[in-house]
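What follows are several structures.
Note that chain A is present in both complexes that follow, paired respectively with chain B and with chain C.
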Partner chain A sequence: MADITVYLCKCFGEIAATVDLEIVRAGLGDNPSVSSAEIVDSLCLNRDLETMAHQIREGVTQKVLIAACSSLARGDRIVRGLVHRGVRRTDIHLVDIREGCAWIHAGDPDGATGKAERLIDMGLAHLENVQTSDDVSVKINNEVMVIGAGPAGLAAATSLARSGITVHVIERAPHPGGMLRLVSRLYPKDSAASSRLEPYLDELERNPLITVYPRAKLQSIRGYTGNYKIRLSSGDDEHNLSPGAVIIASGAKVLLPDGLFRYGEVANVISQMELETRFRKGAVATKNAVFIQCVGARCQDRPYCSTICCPASIKNAARLKAENPVANVFVIHRDIMMPGSVLEGYYRHVMAQGVRFIRCEKDRPPEIIGTDRIEAVSVYDAVTGSTRTIDADLAVLSTPLIPNDDNRRIAELLGLQLDRYGFFREIYPMHPVETRMDGVFICGSARWPVSSDVAITQGEAAAMKAAALLARSQAAASDFSRVPGRKFGHARVNVETCSGCGNCMAVCPFDAIRLQKVEGKYSHVSRVNKMRCKACGNCVSVCPNGTMQMPEHNYLSVGEMIRRAF
Partner chain B sequence: METETTRQPRILVFACRWCGLIGADGAGKNRIALPSNFRIIPVECAAYVEPDAIIRALASGIDGTIVMGCHVGGCRFNDANHAAIKRLELLKELLDATGVGRDRLLISFGTAHEDHQFAEVIRDYFDTVAALPPLEPWVSTLTMKHLSRS
Partner chain C sequence: MMVQNNEKNPVLVVGGGVAGIIAAFDLAEMGRTVHLVDSAPLLGGQVAKLDKIYPTDHCAFCPLWTDIKKVQEHHRVIVHTTSKVTDITQDADGYNVVIVCDPPAIDESLCIFCGRCVDTCTKGAVRPLWAHAYPPAYFIDRQLCAECGDCVDVCPTEAINLNRTEVELFLAVDEVIWATGFKEADLSTLPEFGMGTHPDVMTSLEFEEWIAEAGVNKGTITRKVNGAVPKNIAFIQCVGARDQRMLPYCSAVCCMHALKQAQWVKRRNPLIDCTILYTDLRTVGRGYNEYSLRELHESAITFIRGRPGLIHPLPTGDAIAIKYENTLTQTREIAKFDMVVLNGNLQTSPARKAADSQHIPPLNGEGFVDTMQDEIPRYACGFNLEPADIAESVIQASSAAMKVTIKEELQK
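And now, the complex of A and B:
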């Protein structure tokens, strides 16, 4: 059936200088599926787009093959222009004969012309066999589930509830608050942690749109963007939720310095968290205090910087100094990490108050001296090159935040990825609170160790993203691409031939495939959830009998492209 | 006139559009001269490449195939390319066992914007395949017979 129009772009001579387009056009004359072939000066000009779109709309031709530059150059813009003018995406095919042919074979015009002919023929093979994926449209539930009631989760929950969205906050602990319940004061203004927490707790009480589920445990997560099906237990109660979006604000935990710097062996060698606990109970009397930074951080096991330990130590050092102005307070560090205008100013202020900083080396860590009680700390000062012994009655070990143990479980339930340390991974750095699963957002220390103010910022950002998703009541599966642009397609199962082997279900990285029990030749057939499917193609590749197909990239079109490649 | 000795190897490339294809595009932008006898089939992800397609290609007279994807851990589709590598490595074993040879398939994983790397992979692979003995026609007919789907 002759229904394809071929446009050959000269690109103002860029292509035509190497590829003889007249020969290419003459060769297309014999092709039964080509209705006409046209050579144009440049397709990226608007008027040529108009002509093309007009011809398709008027039924002069059904499909277009555009032989021009690569999709990354101008090609995508041409395709988008046509789609914008009402042409179906699968009726357009772009063949790159500039970057992929003319420019790299400039020294071999015959070879380049021959290659262009073959590339266009492959494009025709694709257009003849391409199919369109079926789309679905689903309702978006106006509810959000927030996992974790720390600063990030509370910020997300309250800002969503304020904009009229029902929020379910699930928390593992008996009370909301997260790490804010454990620390005494917050840097850099040295404000009480409760002063930041209480407004949120008030709002949880006041706002009827927020429900908190304490002592919660996630049982299962099914469903898709707009309609997740969640089963959880809270204490002895069971709950079923169906939120449209999920925000992960599960936070992180503090590394216990077991086996490091004689922790647990010598009295008064404590962790930063124990110091916070002592502060919450009252004043900590000390004459000589030493803070040791980067304990179990920036080492082989945990090469990352936890970002919060330097400011936290400096905050507590200043507090010890304020409680006892004649006390000697030392901070032993490898590098002080105080980024930004506020924290750097705080660091200088604390130094002026008399807190002393000693830089040590990674390979020569300080040593704790003393038999039952700490008596001194011996440290190699990297600046002066000498070893010093500092009297100490208290040593505080600054340990980093490490991922929660149940991160992996949550990730598996939702089909997410963790980074190599076990923190949740954002999709790209440009989309800092979004994950590979649509409608699942991350914020706070679940993503990376952050301070409470950054956690709050991220929580509100995640809330914003969730609200933007929930703003529409209906959404199509093709809207949700995890890569920029429209989704490529959805896998399609031929229920007649599916034997229910489950290969596709095992390999799907997005947990989009389930086996369904049926009556018939085979006991099961696989079902693709189009909302979860991101069109990676794994299921197609492992299907033993070609039952699973991606309509936009089906085996007929690929087979024919291979056959006509040379 | 093309003879058996002067014939350039035929190479088919499956390039993932997030890495391999961007590299190819960069090679084009930099106008790096390359031998013309290769064709690229763009795919969304290396996971789209069915092992079957490789065998079809080799059976239809193509001398070598390349699959280009993103770095492991850098896939746009969670770990889809990781699954693809495993599958294709297994296919290499199969190619060896059937006498086709594992060199007929090259798996290359790189990030985007590596245009010179792309050019180097293509050039090196042309040399590799040129050094291989031509594919025996009986191998082609035999595999074709076994693989014809319909």
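And now, the complex of A and C:
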């Protein structure tokens, strides 16, 4: 059927000087699917756009093939201009005959003309066979579930509630607060952890939009962006929630230094968290304290830096020094990780207070000396090149944060990725609180070890992303495209031919495919969740009989394009 | 003179780098009208000029381009490029802002990137803004332009007008988010680092541009002085930073930036020796420390702990001598390098200083926005709040957008 109009852009001679557009147009005359072919000066200027859109609206033509520049140059604007004027995106196809043809083959006009003809022929093959996915629109529930009530989760929950969104906070522990309940003071302002926590706890009490589920355990998660179905237990009670978005703020745990630096074997070799406990109980009297950094971090098993251990040790070293100004307080470190303005300033301040820093080497770790109690620490000082023995009545082992055990379970329930250690992975550094599942956000130490300040910032950022999603009460599957205007619909199953082998379900990275029993069929049939599908095409490539197809890039269109290319 | 109206609780975002873009997009999604102002002709800020980003080793351009496009096409975001905030005053309803736009001579919406103006210009004044500019368009460097008008005559789309004049714009906005980012600090006050003494002593952003795959050298590593392949390159960390004479703080991004550059040098030419002279190797993000280990084992990069006391070209001019103490071996050494990359001298951008009103956000002693001073809530994100890499800047941006949203809700 002749329903495609081809527009050939001269681009003020940029294309026409190399590609002979008259020959291209003449060649198109034989093509049965082409109703007409026009040569125009410049498609990207509004005048020609308007003419084109007018012809489509008047029914002169149904589909348009635009042979012009690449989409990164001005092609995208042409397409966008047409869509803006009411043309369906799938009825437009852009073929680049400038950058990839006229410009790079400037010395070979005949070759360039031939290439342009074939490129346009491929474009026609696409337009002849392209189908359109049916979009689907869902209601976005104005509720968010926050997993974890530490600083990140509390910041996210209160931010959302203050902007008018119902929040369900689920917490494994009996009380909200997370790690803020375990530490006594916070760097860099040496403020009390309770003073940071209290405004959030007040808000939980006061704000009717927030519900806290203590002693909670997730049972099951189903659903999709905008409408998750969650079953959980809280104590003895069962709850069913249907939030529009989920924020993971489940935090991390501290590595116990078992078997390291004679921990547990000699008295007064303690972990950083034990020191925090002692601080919460009252003053810690010490004459000679030594902090040892990178205990179980930046090593073979855990090659990462846990970010918070250097500032935590420096904070506690300063406190020991403040409580007993004549005490000798040493921090033995490998690199002192105090990046930025605030932390570096704090480091300088604590150094000026008299806390002393010794740089050691990875291969020559310090040794704890003493039989029952710690008596001294022997360390190779890398900067002076000598081994020193420091009297010590307290050694504090600074261990990294490690991922929570149930991260894997949450990730499986929600279809998320973990990194090699078990922390939740973001989709990309430009989108650091977003995951590959739309509507699921990560923040705080569940994502990567961070201080409470940064966790709060991240909690607010995750709340922002969730609030932006919930700002629309209704959303279409096509709205969730990371590249604007580039979503290629979603996979489509032919129910008649599906054998229910499940290959597609196994390869889907977005957990969008389920096998379902259908009336009158012996086998199960694949079913695609359009809200979850990202049109990656993995399912199409493993389908044994072509049942699974991407309508915008179906096998007829792609196969015919390849055939005509050669 | 124009006055904007019919807007819903408008917000001004100053700075169109990664932080500004994300803050603007988030607020626009929340239904706010956003004015996004940047002094450059294109959005993207410093990240747009980067060749690669750590720790993914991807190009900086593609993901950034996606977000730039989202903001540009958002119907609630009004982008003001080549514009500066010249005055801000606060009243009971919010802020009154004056923006001065100096429109570029080439209208980006008409430029088809044919390059005829470039071929015509005898002064070399017409060029793309940076390698990966989106949308692609040429710009005229007014410093070099002789205003002969030849380019105007050859332009097929009549996109060039050399006589465009400044436009003043008055805005009334509810809130302002400061995201003015960073610039490289002038190193002339620290002569021992040898900046300006030899073409092959350059800052890390200059080096990034010099070795960029889309840049002048198409990714090959050569010396500026003679085009030869360098035998060795030294990366000097904490130049001007963690230094009481200049920037007392740690710029936070430079360790990873140097590791990334050294790695790309080794990938493109394994025969070039790379040495990083550092103070502390601060690799605190996801995959950052592993990135430094990869450097150490696979790419065989030499790490020396020490900060040079003197960087100076040899009298013959064919190499640069670096005098330093290796503080881990306690030896004083002098080494010859073909190229020297200076890293660390990042300070907050001065764009903000254009506005001389009392309502400019107060700065702390180190030049960062002090959001807590004088009880008036201020909103800032990115490097002008605290030295931050891309991920941290973007998180701060969304957080600032959330704070602005909450403030609005509380006032209802």
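Methods note: the second predicted complex is superposed on the first by the 549 of 566 C-alpha atoms of A that agree within 3 Å, B and C clash if a C-alpha of one lies under 4 Å from a C-alpha of the other, contacts with A are read in each partner's own complex, and residues count from 1 in each chain.
The rule is short, and it goes like this: contacts are C-beta pairs under 8 Å (C-beta built on N, C-alpha and C of every residue); 3 or more make two chains touch, one makes a residue touch a chain.
Being a predicted model, the structure only gives us computed values, none of them experimental.
When both complexes are overlaid on chain A, chain B and chain C end up sitting side by side without clashing. Between chain B and chain C, the partner in contact with more residues of chain A is C. When the shared chain is aligned, chain C comes close enough to touch A:Pro429, but chain B does not.
Legend: residue contacts after superposition of the two complexes on their common chain; A:Ser341 is shown touching chain C, with no touch to chain B. Of the two partner chains, chain B is the only one touched by A:Asn538; chain C is not. Applying the stated contact rule after C-alpha superposition, one finds that A:Gly59 touches neither chain B nor chain C.
Here the apex is the CA centre of chain A, and the angle it makes with the centres of chain B and chain C after alignment on chain A is 90°, in steps of 10.
When the shared chain is aligned, chain B and chain C each come close enough to touch A:Leu72.
Residue contacts after overlaying the shared chain place A:Ile104 against chain B, while chain C stays out of touching range. Contact with chain C, but none with chain B, is seen for A:Thr384 once the two complexes are overlaid on the shared chain. In the superposed model, A:Pro174 lies in contact with neither chain B nor chain C. Superposing the two structures on chain A brings chain B to within 6 Å of chain C, judged by their nearest Cα atoms.
On chain A, the surface patch touched by chain B in one complex and by chain C in the other comprises residues 72-73, 482-483. Chain B meets chain A in the complex at residues 10, 12, 17-18, 21-22, 24-25, 27-29, 31-34, 36-37, 39-41, 43-45, 47-53, 56-57, 60-62, 75-80, 83-84, 87, 149. Against chain A, the residues of chain C that register as touching in their complex are 18, 22, 26, 29-31, 53, 56, 63-64, 66-67, 69-70, 73, 110, 112-114, 134-136, 156-157, 242, 248-250, 252, 280-290, 293, 327-330, 364, 366, 368, 386-392, 394-399, 401-403, 405-406, 409-410. Per the touch definition, chain A reaches chain C in the complex via residues 11-14, 42, 44-45, 69, 72-74, 77, 80, 159, 162-164, 298, 303-305, 307, 335-345, 348, 361, 382-385, 419, 423, 426, 428-433, 447-448, 454, 457-458, 460-465, 467-468, 471, 482-484. By the touch criterion stated above, chain A contacts chain B in their complex at residues 70-73, 96, 98-101, 103-108, 111-112, 114-115, 118-119, 122, 415, 417, 436, 482-483, 488, 507, 509-510, 534-538, 540-542, 546, 550, 553, 555, 558-559, 561-563, 565-566.
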